[in-house]
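Below are structures written as structure tokens.
Shared chain: chain A. Partners: chain B in the first complex, chain C in the second.
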Partner chain A sequence: MLEWIRQLGRGGFEFFEKLGRGNLFLLKTLVGMPAVLARPHLLIVQLLSVGVLSFLIIAVSGLFVGMVLALQGYNTLVDFGAEESLGVVVSLSIVRELGPVVTALLFAGRAGSALTAEIGLMKATEQLSGMEMMAVDPIHRVIAPRFLAGFLAMPLLAAIFSAVGIYGGFFVGVGLLGVDDGAFWSQMQDKVDLYEDVLNGVIKSLVFGFVCAWIAVFEGYDATPTSEGVSRATTRTVVHSALAVLGLDFVLTALMFGDN
Partner chain B sequence: MKQTKTTELLVGMFVAAGIAALFVLAMKVSNLSTFTQTDTYTVTAHFENIGGLKVRSPVTVGGVRVGRVSAIDYDTQRYEAVVSLELDQKYDNFPEDTSASIYTAGLLGEQYIGLEPGGSPDVLSDGAEIELTQSALIMEKLVSKFLFSKAAEGGQNADAQ
Partner chain C sequence: MADAKTKSDVLVSIRGLCFARGERMIFDGVDMDIPRGKVTTIMGPSGTGKTTLLRLIGGQLQPHAGSVQVDGLEVPRLRRSELYELRQRMGMLFQSGALLTDLNVFENVAFPLREHTDLPESMIRDLVLMKLQAVGLRGARALMPSELSGGMARRVALARAIALDPMMIMYDEPFTGQDPISMGALVQLIRLLNDALGLTSVIVSHDVKEAAAISDYVYLISEGKVMGHGTPEQLRGTDSEWVKQFMQGLPDGPVPFHYPAPPYVDDLLELPAAAPGEAHA
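Right after this comes the complex of A and B.
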């Protein structure tokens, strides 16, 4: 019993310790941002691996999510004779929720885990200490560009996901199910608000990008420098990112759309 | 050097694709295109009951959208709702005795304001008030009216017998 309470306390301390480390780490990374702007090439290389190489999975997922939404939405709406609203259903659910959230989950799995593994292995093979020996701050040289690349790539990827998804819904709804072309777009334009829906979706994706990139680089930097430690850190990145994204999504949705 | 060029090209294309997608969302999906800031003028109308009317609900004449609801307020002097209608400057020659009614699109659809032009030679200008208005139909009121009239009929029949 006593041992159990002791363990609980130790776990709690470790949790808060890690939270504090994470926040200090974020602060250092943000302070290191000017160093990245001085060397934009580092950022571009990271944008390639984080953004461009995630492009395919994001675009394909967006296409299929949009197509499935159109199929499912059509089946329900046709019972009410409201299949013309298919465009509204597809676009609102993608722009408000699915675009930012699914992109963030895929992003954590595709790019976040890779970032963690890369940084963790750099630590395990003592490349980071090597840099410190040469008076190069690894936070400036390694962490900050990766963090910034993740933060910048996420909203772009979410926008691509949303646009591709809506065209996927258009393809199924108008092309296969025979919804009227004009009604699809005009009802969508009637109901989707630029600020309320599109801009809030972009804000969501910015927040998710920030959180996912932060978790990924921090877990890598904080990993136990062994092969097991790196593998655990990678797992933690995916799990924590997914939980953070889903939890934050609820909070953001309640803040943005909760009042009506 | 070749490698760097390709990287930069790919990243540039990626960023361009992202911005293009945002542009598509803004122009094609959202209401930006229907919502270009044209010149408008505002008129007000008092309604006893606005039902489910909301800010940004459409204002139509003969089914053509000519503006939108820009504000909804409550007049504590007259105990009525005040609705401000923002009308497109293109349509600036509605007669002064135009009437405004709150309709429902479809059986359960959204509510909108329908204008019905009258015959007066004077036209509505900025800040004018539409005098002739008709409130929204409230389903519960209709149902209770119907039930009460039925009940009254039933009572009369019972008396007659």
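Right after this comes the complex of A and C.
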């Protein structure tokens, strides 16, 4: 029993210690931002690997999510003779929820894990130490551009996911199931609010981008510099990002739409 | 002040250095003077904290007590910006080379120049080619680090370490895992660069033969203490049994071949004294 309490205490202590380290690390990264903005090519290279190269998986996933939503939504709506509202159902689900959340989950799996592994391996092969000894701060040179790229790429990817998803819904709903073309778009136009729905979705994806990029770069930088350590850090990035995204999504949804 | 510094013959001065990792004491009151313009080797058995010593000199680790002075500056007390300024005058060669894997050989050597100077591209090119020529790898400039052998990677890292014309270079186990040819090339390069560029070289190694061949001065450390120091000749003629054992690579001596254990016969006969707990006690 005593041992159990001791372990709990130690675990709690380690958790808060890591949280503290993570926050200090974030602070240092944010301090490094002006250095990144002064050298935009560092950011562009990272935007390519974190953002552009994630495009395919995000677009394909968006397409299929939209198509499935249309199929499922149609089956329910048709019972009530409301199949013309399919556009609203698909677009609201995607713009408000699935766009930001699924993009963040995919982003953590595709780009976050890659960031952690890359930084962790740079640490394990003494590249970060080597930079420090060359009087180059690795947080400014390596971490800050990757963090900023992740933060900026996420809302853009989420927007692409949403747009492609809505088209997926359109192909299935209008093309396959015969929902009226005009009704699909006009109801969507009527019911989806720019501020209430679209902007809140963008805010969500900004928050998720910030958190996922932070977790990914921190886990890489904090990884034990061995192959096992890097592999564990990569796993932690995906697991912690997914939990953080889902938890934050609930909180944000409650704040944004809870009083409706 | 500047005059006093340049006149000093000692570039790195370590006094009463103590450093511990957890419960384990790595250094316990180490005193060391690294002379300017010479090749000094720090030798010792594996795991004695030789690399840690380089990190303490480079300010990547903080000592728990004692002083580490480089060129008259107290490294542990420097502010971050001062430390980074000092590091621009120090090169360090890591055991793995620590080349940036996403940049080719040319860009790796150009890295410190691009980070710390505003030189025009043509001058950076000339400087990089000069440094690569010095290590014999001008023709390998377009290769990626993954295409280099271990010895070549270390030579590229050496070219990078001298890119900013530092006052000293620290070598972390430069001879480990090298074939005879690249070993010979490295040994010669370290000595040549030291003398041609007027550097101060600090080598951490346990390869007695190679290190002694190019060193002006040698420190032997073990169990957190300096066990002996002097020129390679002085150390070879020493009376200290420990130094003799280390320099000649004898399997038995003050450092016993056998890990502490109960008597062999008792152990074979499984007498009670052979219980493992007691053996280690």
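Keep in mind that, in the parts below, the second predicted complex is superposed on the first by the 260 of 260 C-alpha atoms of A that agree within 3 Å, B and C clash if a C-alpha of one lies under 4 Å from a C-alpha of the other, contacts with A are read in each partner's own complex, and residues count from 1 in each chain.
Just so we're on the same page, contacts are C-beta pairs under 8 Å (C-beta built on N, C-alpha and C of every residue); 3 or more make two chains touch, one makes a residue touch a chain.
Remember, it's a predicted structure, so these values are computed and weren't measured experimentally.
For A:A135, using the defined touch cut-off, is the partner it touches chain B, chain C, both, or neither? Pick first, second, both or neither.
In the superposition, A:A135 touches chain C alone.
Touching A:I203, do we find chain B (first), chain C (second), both, or neither?
neither
Just chain B (first), just chain C (second), both, or neither: which does A:L177 touch?
After superposition on chain A, A:L177 lies in contact with neither partner.
Looking at the overlay, what does A:L71 touch: chain B (first), chain C (second), both, or neither?
neither
On chain A, which partner touches more residues: chain B or chain C?
B
Once chain A of both complexes is superposed, is A:I166 in touch with chain B (first), chain C (second), both, or neither?
So A:I166 only meets chain B here.
Could you tell me if A:E126 is touching chain B, chain C, both of them or neither one (first, second, both, neither)?
second
Overlap the chain B and chain C contact sets on chain A and report the shared residues.
Touching chain B and chain C on chain A: no residues.
So in the complex, the part of chain A that touches chain B is made up of which residues?
41, 44-45, 47-48, 51-52, 55, 91, 95, 153, 155-157, 159-160, 162-164, 166, 185, 188-194, 197-198, 201-202
What residues of chain C sit close enough to touch chain A in their complex?
Against chain A, the touching part of chain C is residues 58, 60, 84-85, 87-88, 90-92, 94-96, 98-101, 111-112, 115-116, 157, 160.
Within their complex, state which residues of chain B touch chain A.
Contacts found on chain B: 4, 7-8, 10-11, 13-15, 17-22, 24-26, 28-35, 56.
For the complex, which residues does chain A have touching chain C?
For chain A paired with chain C, touching residues are 122, 125-127, 129-137, 141.
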